[in-house]
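Take a look at the structure below.
Note that the chains are named A, B and C in the order they appear, and that numbering of residues resets to 1 at the start of each chain.
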Amino acid sequence: MLEITDLTVAYGGVIALDSVTLSVPEGSITAVLGANGAGKTTLVRTISGLVKPRQGSVMLGDHQLVGRSPEAIARLGVGHVPEGHGIVSELTVDENLRLGGLWRRDRADQRVAIDEAYELFPPLRVRRSVSASSLSGGERQMLSIGRAMVARPTALLLDEPSLGLAGALLAQIMQRLSALVVERRLSVLLIEQNARSALSVADQAVVLSLGRVEMSDTAERLAGDDALRHAYLGF
Amino acid sequence: MRLFVIYTLDGITNGMVYAAIALALVMIWRATRIINYAQGAMAMFTTYIALTVIRHGAPYWMGFVVALAAGMVIGAVTERVLVRPVESRPPLNAVILSLGVLILLEAIAPMLFGGQTQSFPVPVSNIDIVVGTTSLPVSPFALFTVGAVLVAMLLLFLVFQRTTLGLRMRAAAFNPEIARLLGIRVGRMLTLGWGLAALLGALAGMLAAPSVYLYPSNMDEVLVFGFTGAIIGGLESPVGAVAGAVGVGLALSYVSGYVGADLAPLGGFVILIVVLMLRPQGLFSFGRQRQV
Amino acid sequence: MLRGSTLVRHGLVFLGLTVVLLLLTSFVFDAYTNYNVTEVAILAISAAGLTVLTGINGQVSLGHGALMMIGAYTTSVLLTWHPDLPLILMLVASIATTGIAGAIVGIAGARLRGPYLAGATLALAVALPQVPSHFASIFGGNQGLSVPTPTPPPFLGANFTQEEWLAWIALAAGVITFFVLANLVRGATGRRFRMVRDNEVAARLAGVDVARTQILAYVISAACAGLAGSLFAYWVTRTSPSGFTLNLSLSLLTAIVIGGLGSLVGAVVGSFILVYLPVWTGGFASSLNLSSNVANNVPLAIYGIVLIVAILVFPRGIAGGFASILRGATRVLGPSRRSPALPTAPETPSQ
């Protein structure tokens, strides 16, 4: 369970997140929707420790994440798939995957986890020893998600996985991920500008607008609410 | 012809020492986008430490190991204490900071070790090898120099390419933010990187000192030639840095032999300018424009 | 119109400053002080040029000592050939040759960025001092060339010493240099320099020819170094490679950082510290009976520490740090007045 309470972030004097409260139950996907500049990326960067909040709390199970460094938060089980996938293009595909859980003590399970990532996204196995810079957009996204999974996270933050991907490919990736979410009891926070695709895989959704939680409901009901869709989601 | 062979072998030997410095500079540049102008001064300092150890009756090899260890410590401490705060600031800050470290080390060294020029021992003879009646234009120490730098490079290559520690260090250098999100302690990796670079510098100091002698600014020129090699190689590429530095070593040796020893540094400068005019980012940088 | 009257006002201020300085050298200072003051003036001229290049235009030069060397050798070689040539001609000739050298370095430098430029200037600083020993017939080898001390004109009286005369010349040259640079830096040229330093792309979009601006900054900076080098030759009375080691280049950079990067006044403050710190620490060290190995290197150690501390504690340089404290204080204490001590502080263009 990932619980965010009263989280406020300011850049200089500009409020980027304003008392955001939301929770991501285990084994489910919560979509965070909103326009450009609504504070979506700031939210995940704050959870990962890259941005220091002015106030508020982020609990992962019993652990308070606020005040910890990004590397400590990663080691507590938060996997972050950053916007624009964030693969290390100077390294090979395999090296990128291995980076996922380098801090883990269980070396044997590490190898198993890497194997599972290849199983999850078979196209990666074929290209395991090529430079990550030669991957296509979809393959990069697979690599980034696979790499986060190698660390066996309990919470997964996905920042705009749809960016630059064809709809069918994205659906395929998300479908594979959804099965894992239930199986591994993952708490997934899915940041999306593309509300339609996000709502189709998410269980719950919140709408962010100018740093505030404007609306929060099940994905199904949000998708069915025409007025809301027009006002905030644009479809 | 015999002269040409002599100049070539000399150039390669010196070039390998420059290569060690060049590689140290490139390692730090890739990890922190900083040129460590104090690299040479750090090497001078660790060489003085080695000399002190040897003068106290310890064998050469003890001094050798102490120098490398001291280099590692000085490099790591410099990164952790001095460089860390300026890593995110405009580049001029780091330039001036490392020049400050350079000046400070060159001031402290004579206070601690005396200011006069001192000779430095060699572990093996530096007189040309004689086979039968012919003397070969190469000495055991020259072979040791080339061998030591090659071994150090090979070890570094293995650490970086074949160990998980090396993978962590590469990730931290290439993309610090992503590395942190993956649980890698980037700060420690940078400290370690500076330490390893300074260790390589310390090796260069030990290898240069028998021929350039030991005094507080004895590594200034070696640093400049190593830097020249690294720039010619494009600053990003370890292979380029080594190739560039050996090229500088050869060029200096030929200019020194055929034209005049005084003009060797000018020759190095001219080559640097010519290369940079043709390729402003050096020879081995293939369009990677990470700099602002 | 206002601009013109500002120029006149500044001219009068600088003229007054010159008179005061010259009177001081002749009636207050002793010969030793004059000797030191001359050095301060020489270093300040060179440091001011470096301030324009590094502080205001953002190009790093680790080889300014080499440019001073070109100026010094121009004067020395010409005087060796024709000992009777007037001093003013020597100064102009040195400015010209070094300016040309600066243009060449600048043209090369305009294509280079960051460490590539720094590396090239560093290589120059190491390479150039080795040239005289190869062409010993022209440059006198490692012994160097001797330079006659200029004699004061007779109308100044029989008691007017050579030290006083050289101090006059150096101070006058310094004041003129600062007058020219201060006006340049405040005007449109200075604005272009700063635009290129702060954001090259934005400067280009605003129609600034970045390469030309950078080359101009290099030429101006080199011309100052040439003038300083020429005066340096007269001051030392012998021009040899040992006077222009890497240390000189690093000292100049130290001076402008201590004084506050980008401030012309800072260049003077830094040069003053460069000259007087060894004097003070020398007295201090001998009173403590420190060994010469320690005593001789105390100033160097202090420079190193000051550079490190300046960067870690005052990112804008120590004078910059003081200035910002002062400005803070004036803002608290009452109606703000523009600090006259900061002619180059980032500000709106002059009226």
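Operating definition for what follows: contacts are C-beta pairs under 8 Å (C-beta built on N, C-alpha and C of every residue); 3 or more make two chains touch, one makes a residue touch a chain.
From a predicted model like this one, the values you see are computed outputs, not experimental measurements.
The innermost chain, defined by the distance from its C-alpha mean to the mean of all protein C-alpha atoms, is B.
For chain C, the chain with the farthest CA centroid is A. The distance from the centre of chain A to the centre of chain B, each centre being the mean of the chain's C-alpha atoms, comes to 43 Å. Distance between chain B and chain C, defined via averaged C-alpha coordinates, is recorded as 32 Å.
Note: centroid distance chain A to chain C, computed from Cα atoms, is 56 Å. Of all residues in chain A, those touching chain B in their complex are 48, 50, 69-71, 74-75, 80, 82, 86-91, 95, 98-103, 147, 151. Within the complex formed with chain C, the chain B residues making contact are 29, 35, 37, 82, 85-86, 89, 91-93, 95-97, 99-108, 110-111, 114-115, 217, 220-221, 224, 227-228, 230-231, 235, 260, 262-266, 268-269, 272-273, 276-277, 280-282, 291. Chain C makes touch with chain B in their complex at residues 54, 58, 60, 62, 108, 111-116, 118-120, 122-124, 126-128, 130-131, 133-134, 245-247, 250, 253-254, 257, 261, 293-294, 296-298, 300-301, 303-308, 310-312, 315.
Within the complex, the chain B residues that touch chain A are 164, 167-168, 170-171, 174-175, 177-186.
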